[in-house]
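In this document, chain identifiers A, B and C correspond to the written order of the chains, with residue numbering beginning at 1 in each.
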Amino acid sequence: MDSLRPAPNSDFLVNKKRVRVLGLSFDDAVKIFFGGNALVSVIVLALITYFLFQEGFGFFGQNHRNLLTYRQAGLEYVDYIRTQESAHTALTRYLSDLRLRQFNYATLEKNISPSAANESLVAFDDFAALYGDAVEPLRGLVSELTEQSTAIKTKFLVAEDKRVERQQLTTEGKIAEAAAVKIETVDFALEVKALTGTLPAYKELAAEFAKKLDAALVTAPAMPTPELKNRLERFRQLNSDFIATFPATTRSLETWDYTRAVPWYQAFSAFLFGREWLTASFWQDWYGIVPLFMGSLMVSLVALLLAVPMGVGAAIYVNQIASAAEQRFIKPCIEFISAIPSVVLGFFGIAVLGQLLRWLSQQDALAWVPGFPFSERLNILTAGCLLALIAVPTIFTLAEDALQNVPKAFKEASFALGATRLQTIIKIVVPASLSGIISAVLLGLGRVIGETMVVLLCAGNRIAIPDFTAGLAVVTQPVHTMTGIIAQEMGEVVRGSIHYRALFVVGLGLFFLSLAINFLAQKIVNKYRISIG
Amino acid sequence: MDIKTSFNSSSSGRSIPVTSSPVGPTLIDIDHVDFYYGASQALHDINLKIEEKKVTAFIGPSGCGKSTLLRCLNRMNDLIDGTRVAKGQIKIRGINIYDPSVDVIELRKRVGMVFQKSNPFPKSIYENITYGLRLQGRSNKSDLDAVVEKSLRGAALWDEVKDRLHTSGLGLSGGQQQRLCIARAIAVEPEVILMDEPCSALDPIATVKVEELIQELRTKFTIVIVTHNMQQAARCSDKTAFFYMGKLIEFADTRAIFMNPANAQTEAYVSGRFG
Amino acid sequence: MSALNRHILQSQPSAARRWEAAAVWLFRSATYVILLCGALVFGTIVFKGSKTVFTTTAPFINVAFFTEAPESLYVFEYQGQKREMGDREFRAFKAQHPDASNVKSESYVYSAGGIFPCIVGTVLLVLGSMFIALTLGVSAAVYLSEYATQGRVVTAIRLAILNLAGVPSIVFGLFGLGLFVIYLDWNVSLIAGWFTLALMVLPVVITASEESLKSVPKGFREGSLALGATKWQTIRKNVLPYALPGILTSSILGIARVAGETAPIMFTAAYVVRDKLPWEGLTSVSDFFFQGVMALPYHIYVVSSKIPQNEYTERVQYGTAFVFLMIVATIATSSILLRNKLRNRYKW
């Protein structure tokens, strides 16, 4: 029947002539353009990974060479003896502490005048001096050896530089100049012999040292109280423990061999588990991430400890309790706090909060707080407080979202059974939104651990593992952080140097840490989402 | 067209499901179509001829595939991921609209659509009507003015809105909005207008107006309407197709479907026993 | 209590009620302590900073602070009078008073003059990076919301956006250093800073844009397509115009973030001090893009960490922090207000 009635324009459905370039219509091109832009995020993520790896990758090789030089130039050998010396220094510090206690006992409990107290301690001072001076010969040896091995290392590094120079000249085609570069080869065997040759002298010194220590200890005066007596006894114990380590040290020195290879994994383990981050030192550079990681961790913990109760509490209040008018006021305010730039918060920490906290800590009424009073105004606590202010809006917003997603029916059912508001919140609303709240906390942690300016300005920037023996007072110690060290040192390092690459590896660590936190947060949200239905 | 749905139970045991009696020329030929959403089959072997300048109603319970089939007719289903016509052809004037050479844009210009929820653009009434024309590059002011008036008159809306053509289309009442959408569709002069439950969101008075409009439009356009409301199908369609579970159960003159259904399921549905 | 007044639903004090009251107060105080802390930070900086920024005499604003470059401050005693002078002024003074040529003076770096170059630098950084971020971000969002079909590529894109949002800003700084500054050899420059900052806010812009696009009803798209519009015509005429206000509003929050970040520009764009303004001393157009700039956040970092705190340096420290905070706060507030307005306006 169709054929009887020819359509007015029966070819209307057939493709019209649309402009095509490379087989693509205009619409296809638009789609590809947008799709390409969407791919940028994937590309960026890949590029970040690539460049962090590219710049950081050489670190482990360089660190391996660094550790190898440490051994070959005999620095390791010297450090064995140096350890002994510093252990002795720790013991003398114990003695000065003991003196302070005796002094305090005399002045405070016995009400003896300070000068008289000092006089009564003359015998003890003599003993302490004797004990302290015993190390002098050993110290002399250490400084002598230090000079020698530093000289070896410098010689070696200069030779390496020359070698690089020659290679550069060769690749540039300047053969003659390259040949003119003089490279002094370092004969480690010969150089190191000068160090190891001191072994008999050391043995003598050590034996004498032990004798002197024991002899000094005999002169120790009696202590006035049982408590102090115990401390002196403890000191005797420490002393004999110290002397007991002498044979081990000697053995280490005897068996030390500069030719022993440094296993490749030590380049990694020295970074991952290294307890020292020491750069631009005349002696030996160490790149251990532990103090920085601990710093970041401690600051983040303090921040979360403050921010989680506040943020979640506020979210519960705003979502479940507050009136509509209050909500309209509080939400924008907290959003506003999130807009305060971190560098301004950091400045606030330096200018106001640090001093305020120190002043608070010095109030007598607050002396019972662990760690109070403290003298460093920039420390874990100061940075943690400010980071809490950064984390709170993140935690608040996400936790509030999670609470909002709890179906109203749950709440109504609970109320209908006669539960109070608090019971409903604790037993129904919070459990139902728990996964959301936990991921909010995790994302808050991610925000805090990646924050740079506040910790750079307010954490105190002392590169050391916090002293956990101080108990809770640990939070009043200054630390340095992973983000802070990058920001602080990246501007000053030579491109391509081991230090520069180490900073990139720290960045790589931060990057993967943030990815892991993100991943975990998503996992938790996805896993428990079903529970709400 | 004053067929009342009488529930006579003169059921017939005839096994032929399709009892069409074509009187007009076929415009759309749906030829043994299978349709899938991903892995699940939504339409099974649909075979149906839609006649020119007639109102064809698709009825059936929710999820029976009637809207799916309707959206196949202007390929709106292309917008949904994972949909495909696995078998068969849909031919308009003998041209398979799923053929790769077919320009879907041209197709949609010729096969207009009115949606369940009225969806005027948040523009003025005038801009709503001229949207389709401007897409085609027509911008002559007097030309457009004429089309706007013609379309609005065609949609029986002109008298109500002629004084406020440049106010937002969202300011109209629900029934007016739906008629605006119809006017917008007829402005581009399609041959077919597909209506996907056009009255389901309207109150009874607005529904009557839209139904009256459909009666007027049938002289110029071929109309396919999906409806939940059996009275509506009875009132305003010439032919009715009953779908169930993705299958076409019966297709016949509306009068026949409601007065004398050939199939027991059809009878059960039109008499309100299920659905 | 008389039997008349008692009934079975009589309200009675109970342990549960007391707990509830206590908990409510606990939650309430947590909320208001947060607001108090925010107010304390804000208040201190506004209070102390306004002393630098405003003056008691007309025009009531410290014009020099906004129009001059930072210079060193010299404090010295001359003829029994304590005087404070900026670098240039001090030299002129010494030229005028030969007897003052070897007067003893203390100098405080950056503590005199103003912060004009920093404001200029920050404005340039924000404008450029937001232009890049919006171009990339809106197109990516259009793809994800309008074109993308479920598949591996889209899953990868979404995952990447989600993870990119959590990457610390200092890592973006390192990345910018590695890619733009070193590999592409752009050096420390505006353009390196633009790209670093733009990539950092990209997830924010994409997420915000996609949300705005998703909130445009499906009917607009179907209606347009059913009238024979191509996909691009539909997006350009019937989707983007309605999503754009939302996109821009949400992106303002991204601007606040770009303006506020220090770590990413430390190695990529910021100079501690630069005596030329960005438009001075250019020999070609490309010079403009390949120059480093001073920036407010970095200047705050420098003045708060590299110079001691005392009555002379405090002025510039608080003043800079105040100006910076005000800029960011204005951006953030306008974003919040605009969004609330938008919410009320568009209800389809």
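By our rule, contacts are C-beta pairs under 8 Å (C-beta built on N, C-alpha and C of every residue); 3 or more make two chains touch, one makes a residue touch a chain.
Since we're looking at a predicted model, the values are computed, not measured.
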So, comparing each chain's Cα centre against the centre of all protein Cα atoms, which one is closest? C
Based on CA centres, what chain would you say lies at the far end from subunit C? B
Need the CA-centroid distance for the pair subunit B / subunit C, whole Å please. 54
I'd like to verify one number: the distance from the centre of subunit A to the centre of subunit C, where each centre is the average of its C-alpha atoms, in whole angstrom. 27
Which integer distance in Å separates the CA centroid of subunit A from that of subunit B? 68
Identify all positions of subunit B at which a residue touches two or more other chains, and write them in rising order. 106, 110
Of all the residues in subunit A, which ones touch at least 2 other chains? none
Which subunit C residues sit where two or more other chains touch them? 230
List of subunit A residues in touch with subunit C within their complex: 26-27, 30-31, 33-35, 37-42, 44-45, 47-48, 51-52, 54-55, 309-311, 313-314, 316-318, 321-322, 330, 332-337, 339-348, 350-352, 389, 392, 396, 420-423, 425, 443, 446, 449-453, 456-457, 483, 486-487, 490-491, 495, 503-504, 507, 510-511, 514-515, 517-519, 522
Complex contacts: residues of subunit C adjacent to subunit B: 149-150, 217, 219-230, 233, 237-238, 242, 348
Residue set of subunit B touching subunit C in the complex reads 74, 76, 79, 81-82, 105-106, 108-110, 112-113, 115, 117, 119-122, 131-132, 135-136, 170, 181, 184-185, 188
Inside the complex, what are the residues of subunit C that reach subunit A? 16-17, 19-20, 23-24, 26-28, 30-31, 33-35, 37-38, 41-42, 44-45, 135-136, 139-144, 146-148, 153, 156-157, 160-175, 177-179, 182-183, 199, 202-203, 206, 230-232, 253, 256, 259-263, 266-267, 297-298, 300-301, 304-305, 309, 314, 317-318, 321, 324-325, 328-329, 331-333, 336
